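Submitted below is the structure of interest, expressed as structure tokens.
Going by the order they are written in, the chains are A, B, C, D and E; count residues from 1 in each one.
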Amino acid sequence: AAVKKTPGVTAKQITIGATEPVTGIASAGYNQVAKAANAVFKYVNARGGIYGRKIKYVIKDDCYGTPGFGCTGVPNTATQTHSLLGLPVFATVASLGTPTQDTVRALLKGDGVPQLFVASGSLDWNNPHQYPGLFGWQPSYNEESKIFAKYIKATFPTANVCFLGQGDDFGTDGLAGLIAGGVTPSDEQLYSVGALVTSSGASIAPYIQRFDTDKCTIVVLDSIPGATDAALGAALQLGYSPQWVISSVGSDPQTVDAPFVGKVPTDPEQGAISFSYLPTTTTSSPWIPWIYKVIKADPADFPGFTSSSVLNGDIAYGAAIGVAFVEALKATGKNLTRAGFLHTLQTTVFSQTPSLVPLSYTNSNHQGLNGGYLTTVISDAAQKPITGTVYTTDSSTTGPVTVAKKLSAGIPAWIK
Amino acid sequence: MKIEVVRRRFAVSVALIIIATVVAFLIAPTTHNGVAIAIVLDVAVACVATLTLPGLRSSHPVVARAALSMLGVVVVLFVAFFLPSASDFNLATGAAMSIVLLGLSFLTGASGQISLGNSAFMGVGAFTMAIWANHHATTPIFITLLISVVAGALVGLLLGMPATRLRGPYLAGMTLAFAVAFTAILGEFSSWTGGDSGLQLPSEARPPHWLVSLFHSGASPLTTSTLWLTEISIVVAGVAFFFMANLFASRTGRAMRLIRDNDVAAELVGISLPRARVIAFVVSSAYAALGGALWTLIDNSVSPPTYSFALSVTILSLIVIGGIGTISGALIGGIIYAYSTNVISWIVNQTGLNPQGNFASQLNGIIFGGLLILTMLFAPLGIAGAVRHFWHRARNRSSG
Amino acid sequence: MDAFLTSRIIADVLGGLTNGVIYGMVALSLVLIWRSTGVLNFAQGAMPMFATYVGFALLSYHFGYWACAVAALIVGLAVGGLTERLVVRGLYGKPEINPIVVMVGFLIVLEAVAAAIWSSFPRSLPSPFSSIDWQLGGHPVSLSPFTVYEIGASIVVMLLVAALFRFTNLGLQLRASALAPEVSRLLGVRVGRLLTLGWMLSTAVGVVTTILVSSNFFTGLTPQVNDGIFAFGFIAAAVGGLESPVGAIVAGVSLGIILQFVQDYLNSNAQIIVALVVLIVALMVRPNGVFTKSSLRRV
Amino acid sequence: MSPGTELPLLALEHVSVHFEGLRALDDVSFDVSSGEIVGLIGPNGAGKTTAFNVACGFVKPNEGHVHYPTAKKSNLRPNQLVHAGVARTLQGVGLFPHCSVLENVMAGGHLRPSGGFFASFLSLPIEVRSERALRSDALAMLERLNIADMATRLPSAIPYGIAKKVSVARALMSEPTLLMLDEPASGLDEAELDDFARLIVELRSSMGVLLVEHDMEFVMPLVNRLVVLNFGQVIASGSPSEVREDEAVIEAYLGVAE
Amino acid sequence: MIAIDNLSVSFGAVQALRDVTFRAETGQITAVLGANGAGKTTLLRTVSGLKEPKSGTIAMDGQALVHRKTEDIARMGVGHVPEGRGVIGEFTVEENLRLGAMTAKVNLKSGLEEQYDQFPVLGERRKQHAAKLSGGERQMLAMARALIAKPSVLLLDEPSLGLAPLVTAQLMHTIRSLCETNDLTVILVEQNASSALRIAHRAVVLHVGHVVANDEASVVAGDENLRQYYLGLVE
């Protein structure tokens, strides 16, 4: 039958792409996300692919557009996205960053290319009316903060809460979520990423100093790992030890506190409260050994990774997105078109992926995961769930935080 | 020039133009729009006819420059029709970059002032474009481009005035500080500039419909969204090249070389140093702003980190490798910008390096930086200078 | 004055001093190279970064902090010397832009190579002193053993360099080699060796700064560790005048303190903007830097 | 026309210049009129170059004034000199090293009317025409000085004596009424000197000439008038023969006549 | 003594010196004369090692100088006052002199005093930047800086350039007496042939790189042909 050709799809191959900070200041940690997703694709390819098609994942460096010399000659996100379009690609998957992906929304929409599982918790990805092909993946900053708020209210009812967030929607959405959840910080500050880059972490210190003077007992951080480090360092320096509540984006125990190793006896992040929508390495989730297996099978991208290596948050994150994508492909069936794929995505509940709650979209909701559990950092390599109760909510101001009813199931048989 | 020569040339050209038009429509159905190809081929023939008129260069240099620029434009346009669309897009960004490079070639090459701030001048154009379009979506796109250029020129004036008193390293220091501070300045005006997320062009801020449809092929959706951008960028770059060639060959251009060579003697022939230096700054920043504004148009959006200091370094590298102080150097630099990433990933493929590996991902920097060093050490006038050198050598050898 | 305000001002001055000595050191190493070889070294951040990585690679062989620091200094001397011999040699007497461009290229290469070898992931350098502030009546005083070490080490290096130029024949020869290599050789000055020496010394000064910066709590060692401070250091050098080691130090420290107040009372974003304004104003008044003696143009 | 009957081209009136406590010029007055060649001489460090620089606006006088009476201007900045009809050569040759000899000479006509920046940018007819005229005038000037065959060479590739001529050609392109020459004879051999002296005498008919020079054999037969400086003060002025006999001048400068 | 044998030097296609042979004896002034571009400066630069010769030898008291580094030649006692003065403008007068004395290992203090006696202007201006000196003052500084190192060979490239007649005469006198009392070997390059011939013992005349005369100064001064064709001394 004469089927209209789907761009990026042949009988043998599906080409997809992503833009990522492979080099430059933002690359540390984040450059592992797409690699880990690719490890999953290679694993699946080695088992015959999906309906005979192997996944070819093309990762382009957009340097996150961060200032610094590490990025000389690297074109910006739009240029790199264009070069992906020229391949062509079936979709972009797990491209990273809020501002970067914002700039290519219209471009991808114009060409009808799905922009899947953007690696960012912004609310920008949930706009199916205007961008029908655009899908987020992780819980929004807003949702996460609402779950924090519920916990803070219940556990520390008299605490003096202060807030430090990044000066874009990461910080502002996070703050809004906190307030929507009933916790109004007594002091709220936003830092600028630009200043972080030009004047190193020291620019965070004044905020922490201020919280110390104001006697804040809880400090909520909506920060990237570098800024988390700076905040923890500044507090250490001042001899100030509030209860930290750190968003999942900036709390990965292994990424955080690289500067402290060998300088202080105990990891300053220990005891901090965070949030996870993926099973932590301390739990008995079957996904953890599975991800180890997949990553070990990819020595090209993860040289030296063994069973005793630390599975950091970025790797787990990438692997989880990889699984989500192959699951969705599998569910779409042999006849792969963009329309068919998007339809499947919006009508299926994917419960066999590593995330704690099933991944489900509808034609009016493209946000992605909507729940997880609270964790506490127990060492410089691990965090563990506080109670293990998985909460769920939505991004609205009124939507309540409830205990999740449906949890993800185990590993699908076909990739076991 | 003999009148018969002109007349004969004219007749031959008309004949060729008719043939070219027919050819254009013959190949049109398999590729793109016939009208566009026909125009391109016809102009090419006309330009070649003009350029081959004997003695044109010395008697009518302006006409020669115009014909050469136009020929360059139509040749690239023609090539663009047949390029895969992604390369097409690279061509558009490269064309815009070459405009920026022209400005720097003039400033640093001709007038001898070092600038590390051209990324910021570009940013001024890019953001003016986006901000204006967001507030006045109905302004025709070419007017918005012009407004951006004017904004760039004004900022150039503002920064150029203190800069005229500075020498070498101090000038480098001031322009560097401006480039580094630029993203922070954008941050201070985040209600205008969209903060860290930047701005999108509103959908109304597109070119007139007829222009898009002229280059519409219907072949793939990608082409509709980019081919016209490529065409616009190339045409604008052609115009920019023409004017810059004028400037280089003119009294003003000579004045710039004079102040670079010997400022005391230049003053004594009546050149006002501050004025000349400011003019160079203004021209350079206006050109940079034009390039930046085109980038906004091409990307359909603008985000602050694009215009960080790293871009200034890229700009400087490109013009040095291309050939500073030359016009062709800007062209070469633009082409390098357009295709260097492709070349580097090709190298990665050929060498069998793991493309996600540490080394492969840093190859860009290693190659770029290495080229920069080697160029300066062994061919300080860049590729353009080296080519010219070998050309002269070859000619001298063959003539005697 | 109320006590809170006083303590805030003291904290700002001390914090600014800590940053300021670092800016001053970067400025100083730029001045060193400028005065001794007439080159504006854009790789002044990257060369010591590289040397520090190499020196501290010894950590994995269980060497201590001081051993690594000494190793890094030695590697720094070598990196500086080799750079001068292999990269910079062909550039003397060329138009100003040539060395600038080459050193920008070198910077790009070094950062890329460092990232290729050691990755961009921050690496922790151990620190011999605690960074935890001393407390005074329950309030931190913005001063810790580490900051004292930082300021002390910087002051020692600064004094050494200033003395080198001010009082020694070696300093005079270094300057002469930069200003007039041919004439210097006619006077028996071993210009080649001195140029090399100038680069070695300034890279070593850079290594000291890099170690200080990357063993504090905030950054760790990354290939880009010096990018941010380079910009401020360069601004300080231009404000003070590239001819003047004392100017570099004074300008660096003042800039550090001013910017600390800016950060405290405005925001950190505004720091670089204020630095730009300071630079423009300073250069408007004295185009060759505040501390350079004006030299009249001879016709 | 005879000198002195009309306004002078250049007049220094009671000019003093101090450098950090040093009086480089102390109440110096002299003038130069059309049709005469005035020599400025004096021991090293007497203030000759400084007087020159004051006249050109490179140095501001601490006291006194510099007038250009015929042009009705005073205290000009260097780049305004040409407007007042003053052209100056620099000590050494002061050519533009990366521009051809022809371009060097064309530079001298920089101030001729042309359409300004936009005319350059747009290549307006006015620009094209004025450039064409400038080029042919510059070539004519080179012809006049018998150095037209050097037109396309770079300054580094021509002999020193010729380079000096080129610098004069450049000065003449602005059609000056006053020509100021700083040590024009230094570095020329004696045959070239003769040539040069002849050129200056020829120029006198259409302009005034002020020159600083140490070579007395060159200066004495050439000038109409000498002004002698010592320690920043005018110690003598007058015709060469008068000055040659002046006791103060002999003691301070010339040494015992041989 | 400086012995130069069959020295040829070229700049690419331009041959600046061809087969030049002569001796500059100890305790004598050897004047090197010739028109512009004759190769005089090139000769001195080659002796100092600033320019590699194409062929030929240069020896100083039997030691070969060719292929040695400039700084080593300087340390062997060759003082060179370059064309165009060559003082370091950014240095003060005293720093310039200090630099001159540095490598020669002579007593700085007495050296300075000696030079300040000889050139009193320099003493007055010791703290002034050399760039701010007048043309002639700079020339004096350059001389003083070479002399302070107590060289055994002195190469002077147009020392009278820009000096007032009185000073030129004094300078020539000084050079002559230094040469005779200290057994100095002087090679004096002069454009100004008559004043050079007046003090020189011997004279070498160069013409487009060739030696056209090499004789007692008085003989050269008396040779009508030489005077007219090569030295441009027209009566």
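What to note about this one:
Here is the rule we use: contacts are C-beta pairs under 8 Å (C-beta built on N, C-alpha and C of every residue); 3 or more make two chains touch, one makes a residue touch a chain.
Quick caveat: nothing in here was measured; it's all calculated off a predicted structure.
Common neighbours of subunit A and subunit B, listed by label, are C.
Ranked by distance of CA centroids from subunit D, the top chain is A. Ranked by how far their CA centres sit from the centre of subunit E, the chains are topped by A.
Note on interfaces B-C and B-D: more C-beta pairs are in contact across B-C. Centroid to centroid, with C-alpha atoms defining each point, subunit B and subunit D lie 44 Å apart. Chain centres here are Cα averages; for subunit A and subunit C they lie 38 Å apart.
Between subunit B and subunit E the centroid-to-centroid distance comes to 54 Å (mean Cα coordinates, whole Å). Between the CA-based centres of subunit C and subunit D the separation comes to 48 Å, rounded to the whole angstrom. Looking at subunit C, one finds that residues 107-108, 111-112, 115, 119, 231, 269, 271-272, 297, 299 touch two or more other chains.
Shared interface positions of subunit D, i.e. residues touching 2 or more other chains, are given as 49, 56, 58, 90-91.
Taken residue by residue, subunit A touches two or more other chains at 23, 31, 68-70, 72, 192, 194-195, 198, whereas all remaining positions touch fewer. Listed in rising order, the residues of subunit E touching subunit D in the complex are 35-37, 84, 121, 132-137, 139-140, 158, 161-169, 191, 193, 231-234. Put simply, subunit C touches subunit E in their complex at residues 169, 172-173, 175-176, 179-180, 182-191, 243, 293, 295-296, 298. Residue ranges of subunit D in contact with subunit E, taken from their complex: 19, 42-46, 48-50, 91-92, 159-161, 183, 186-192, 194, 214, 216, 252-255.
For subunit E in complex with subunit C, the residues that touch the partner chain are 48, 50, 69-71, 74-75, 80, 82, 86-91, 95, 98-100, 102-104, 129, 131-132, 145, 149. Of all residues in subunit B, those touching subunit C in their complex are 108, 112, 114, 162, 165-170, 172-174, 176-178, 180-181, 184-185, 187-188, 264, 309, 313, 316-317, 320, 324, 358-359, 361-366, 368-373, 376-377, 380.
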